[in-house]
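Each of the next two complexes has chain A plus one more chain, namely chain B in the first and chain C in the second.
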Partner chain A sequence: MKKFLVLSLTLFTAFVVAACGTSDRPDFQMMWFSDGTEGQVMRELLERYRDETGVYIELFEIGWDVYETRLGTMIDGGEAPALVRTTEGVMNNFKDLLIELDDVFDTTAYTNIFYSANNLPLGLPMDVTANGLFVNTDILDRCGVEYPVRGDEDIWTWDEFTTEMDKLRDCDDVSVPGVFDFQGHRFMAMIYQQGVKIWNEPFTDSNLTSPEAVQALTILHDFYQNGMISKEVFVSGGAAAEMFQTGTVGFHMSGNWRVSGYGDNDFEWAVIPMPTGPEGHRATLLGGKAMSAVQGSGNEQAAKDFIAWLAEPANHDEFNNFVPFLSARIGAEIDFGEFQEAYSMFQDEINATDPAFVSDWLTQTQIPGMYPMINLMTDRAAEGVMTPLEILEALEASLIAAME
Partner chain B sequence: MRRHRTPWFTYPLAVFFAAFFLIPVIYAVMSAFKPVAELRLIVPTFFPRSLTLDNFRSAWNAVPHFPTVLFNTFLVAVSSTALAVTINTMSGYALAKFRFKGDTLILMIILATIMLPLEVIMVPIFRVLRFFGMYNSLWALIIPPAATPAGIFLMRQFLLTIPNDLIESARIDGASEWKIFYKIIVPNAKPAIATIAIFSFMWRWNDYIWPLIAISSPRKYTLQLAIATFQGQYQTDWSSLLATSAISMIPMLIIFLIFQRQFVQGTVETGMKG
Partner chain C sequence: MTDSPPVKQRRRDSYKYYILKQKIVPYMFLLPNLLIFGLFIITPAIIGIYFSFTLFRGLGDTPVFNGLDNYRTLFGDQGFRDAMRNTIFLVAATLPIVFFSSLMLALLLAQPLRAKAFWRATYYWPVMISFIVVGLIWQWILRDSRGLLNGLVVTLGFERLQTLLNPRFAWWSVVFVFTWSRAGYYMIMFLAALLSVPVSLYEAAEIDGANRLQRFLYVTYPVLKPARTMVFILAAMEIFKIYPLVVSFTAGGPFRATVFTVQYIYETAFQYRQVGLASAMSVIMILFVMVFSGVNMYLAKRGGEV
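Right, the complex of A and B next:
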């Protein structure tokens, strides 16, 4: 018995030692988060990169909730990953720790670039995200809602949108007319749709308390208060897509990142033009993900070499084609397959957005901690305890204080 | 002698609380077998209308190196538990039955570490792991969490109830300190050992924050880290997440069913709760 125990213990220890050892050690690592299949697509690209160059980059995925915490811990602890997938929020929060990539790729070939204080790029833009309006066409057709489609000359205004969507309130099998994704990103586009920029150049005074901005927030505020959109999203922080996928919600204000996830919806859906303000201004808010290199990883040059490889049109397009995503590379041709019509609508929204609004929003994303501030203020609209003007005055004060 | 009677409401109350805690777990397991469309129903179903294993298949495909991840979790939980039981029993015995200079101070220091949440000391821990060359190694998941302050304290409290006379008489009979430990302390501490073993296994199996700090290679991920990757910025893959969560419950159920008696006894005697 004793011999058996000793033998078992020895074998187990040997097993543990073997399992804890390292084999096939990567040259360096890439930190990643996924909303769908893009992690798998990047892994395949990394395999090809290894075949071509012999450099083994290991991709490791982290849940979004703890993504920035984990990145901060690794950098502070001296184990910075060489490469990291970034959003404009991540680039903003870690801008002093990312490598400027001015000598790595041609910035004129890409859109939606996030710049450092030195006006140098902090990440290679990989994909572009844009806000857009999803509708359950089964419900809208059944309930007699009239709506525009891509190519129509007359796009609906917010007033017309409200009138039409009001029809859903009395329609059978509709749990709530609509849902908005959480949270500030959707609202800021509404300000531009009212025809006003947030900042007056040189970006010191804001228009956040202008009648146009107040009108934008009043629409959102009233939607929450009169039940046009569900408060559940504001409470739970992110169940909008799940609610829309129940097939009992008329519209979902979201973005192109939802398209592939909606592929298996068991109802007919479409992406249609977002409403405009009274002057007919169309606007979507651009966002997206980028590939950044981190300072202090010990593999800075190798990381830059990979980004240069990724910036080559064939490699960049392969990533966006296989997911598929709207590409940040100007002139890229992406095959969206069954989702071609939906993506064309997003492209249409982007094309219809005044470039002045795009650069205005990019200025906004440079403000430290601006996302939590905007989200907090749009939460206030859902709570209904402050007037839209009071909310915007508080937001303006917070953003200006953060800039100073 | 008056016979103690159980009040009439005890059993309905027990059933109510059992249902209160069990229903969400059963619902999660049932949901793992539902088709994606059924997961989205506005009025959710409790039992699946049609059973499917698709969620398990998609989870298996979505997690890189799924079998390795399962194996890592098992290896970490078993090894760390074995180590925890050994260290906690020895430490608890030393603090309960030996008087030496600074023993109370050591106990106080051990207890003080319970007061610090892990999140507060994440960066220092990360640096320590790196200093000892354990970063991104399964050793980092096995060794540091093995000596839990709560485990040492509970073992000490339990061993205080063993009469000193038992140990003294063994010494008079010529037993060595090791022999006393193995022949007297360990057999008498079985309920506490079982409790610590079960809790330790459960903690290590379900641990998320510690592996998150210590591991970065997907080949060394544990199940909880893998589950967290289903959560993206805008989308959560609920079907895969539920399926993987259901898989992660199985070992805990087996362990509990095997050690149920010791677990209940140990919980009652040490006052330990999950």
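Right, the complex of A and C next:
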């Protein structure tokens, strides 16, 4: 018995010593969420960073649904990650807890930068997302729908779009002319396309009840009520993409994050210009992800060093090239492979968007709980029991109340 | 001279020691569970009550005491009132259906049947599926454009039905799916109670000339009272807390027709980022459930019917 005890203790000690000897403890952590394969790409970049500098950064992934909650809990518990992948929403919610990246990277080389109250960047913009219009060209061609393509001088208006897409209603093998993603913010670009900004004076004086904004919501409201677009997204969040992929839906209003997922579609599809308002305004909503550093991690300077390294053009482009994503680095050349044309269309939408609309939308994203509020707005438009003006009045009131 | 037992032994044999042991030992057995319950249920609940009196976003910020502001806000919140009303209606509609369907199933399966184990397993089987999966399965069956039900309807040459996009249909579908998912669980409780009814009671009733219905009404049903109380309260609490099933089944749609209290609390806390307000909503909901359960238990103890 004694021998057995001695042997057990020796083995246990050996394990402990061996474990300590080979421990590979990270210097600090990066918190991450993925839409697709970009987590793997970032891991490879982190390995290269380790080879070059000896600094070991551990990437850990968290599902988007609980991302902000987990980040808040970690900060509360004194376990703040040094680096965190952020969106405008995350940066806004945690703006007092992120490090201002003063002199860490050249801000003139990047677009879509989210600034603190001190007008200093809170994150290095990594990639850009934009709304756009996917169409099933097999269906559109078969049903005689005429549509513009990238580079056309004459982009269609919403009225022309409606006239053309109406042809899908009587066409064989079309279950529904189109779908809009569930998230209400796909709709918000339509307000800009009508030629107005949301805010005259941030958070106090809005244009949401202007005739232009009402016209924008009336288009969406009528689409839902007359069956131009499916309401099925209101019982299943992922229904829009699933329906488009059945090959029986003419168009899908979504964004560039869908491109790689649509690579397996067994029909011909394309991304084409979104319609404009009567004045010809084109607009897309910019979103995107950034790399931010968190206060109180104990590795603040090391986190800033990494962000400076990541901002170097070769490193930044490597991330976007491998995913691939639209880059937030001005002038970056990304190889989108088979999706070149689709991404070029998204880039075209971004280039055609008035910068005043871009900054207006960045103002809008500072409102906590803004996304569920506009989701509720589209919900009411689809339900059809309130007029577009009543819905927009309610939205305006809740957005202003959220900032009081 | 006789040897007296040692002091220690005497103490052990004393009546006082016996009583002490009888009183303390049961609590010793309860202690591990009590610790876990206290740590993971009671403590968060107390913290939640504290949050309900604070302005707190749950994003690394510090809760700031704001008195009864959250309670004032939530009583003026139309969304919360709608969600509470929706939940109360759901309990009122679902509880009797679950109660009677599980009781009927138990009565049927208590009969001398062939392949009894097979039937019991068949009706219990939905209980073993998680709520998320149950919701997804029924969404695939009932959804409008690509659902199995509509596929069958169209194949048979009929006009497609408006299913989950119809708020009323979606609401009653939640009632049906919850019943389908949980009736087997409560059936087992009733079945266990039914099988423990002494046969002599039935024999006596038969001798007194009671028919089948009378035997059920005057023997079976009264004897089932503890099980009935248990099923009634457990099922009610489960329906009050309904969330994962609805999220995967209808996501609260269409047009928020199936948004119930827990989903609304979740949205308030994690989408609108108002953890303090959401905590106040949770407190109100817990109070509501406690009053409901308390009244039922009181009635049951007094001899009233549930």
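Everything that follows uses one rule, which is that the second predicted complex is superposed on the first by the 376 of 404 C-alpha atoms of A that agree within 3 Å, B and C clash if a C-alpha of one lies under 4 Å from a C-alpha of the other, contacts with A are read in each partner's own complex, and residues count from 1 in each chain.
Following the convention adopted for this analysis, contacts are C-beta pairs under 8 Å (C-beta built on N, C-alpha and C of every residue); 3 or more make two chains touch, one makes a residue touch a chain.
In this text, all values refer to a predicted model and were calculated from it rather than measured experimentally.
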| item | value |
| --- | --- |
| Clash or fit (per the criteria above) of chain B with chain C on chain A | clash |
| Partner chain in contact with A:86 - chain B first, chain C second, else both or neither | neither |
| Partner chain in contact with A:34 - chain B first, chain C second, else both or neither | first |
| Partner chain in contact with A:175 - chain B first, chain C second, else both or neither | both |
| Touching partner for A:266 - first (chain B), second (chain C), both, neither | first |
| First (chain B), second (chain C), both or neither touched by A:372 | second |
| First (chain B), second (chain C), both or neither touched by A:76 | both |
| Greater chain A contact set [chain C / chain B] | B |
| Partner chain(s) touched by A:382 [first = chain B, second = chain C, both, neither] | second |
| First (chain B), second (chain C), both or neither touched by A:206 | neither |
| Touched partner set for A:61, first chain B, second chain C, both or neither | first |
| Of the stretches 23-31, 95-103, 257-265 or 275-283 belonging to chain C, the one that collides with chain B | 23-31 |
| Chain A residues contacted in one complex by chain B, in the other by chain C | 66, 69, 76, 175, 242-243, 246 |
| Chain A to chain B touching residues, read off their complex | 12, 15-16, 19-20, 22, 26, 29, 31, 33-36, 39, 43, 58-66, 69-70, 73-74, 76-79, 81, 87, 175, 181, 238, 241-243, 245-248, 255, 257-258, 261, 264, 266 |
| Chain A-facing residues of chain B, complex | 36-37, 40-42, 64, 71-72, 75, 79, 122-123, 126-127, 130, 135-139, 142, 212-213, 216-218, 221, 228-236, 238 |
| Contact set on chain C toward chain A in their complex | 57-61, 139, 143-146, 164-165, 170, 250-251, 253-256, 267, 270-274 |
| Touching residues on chain A, where the partner in the complex is chain C | 66, 68-69, 71-72, 75-76, 93-94, 96-97, 175-176, 230-232, 234-237, 239, 242-243, 246, 368-369, 371-372, 376, 379-380, 382-383 |
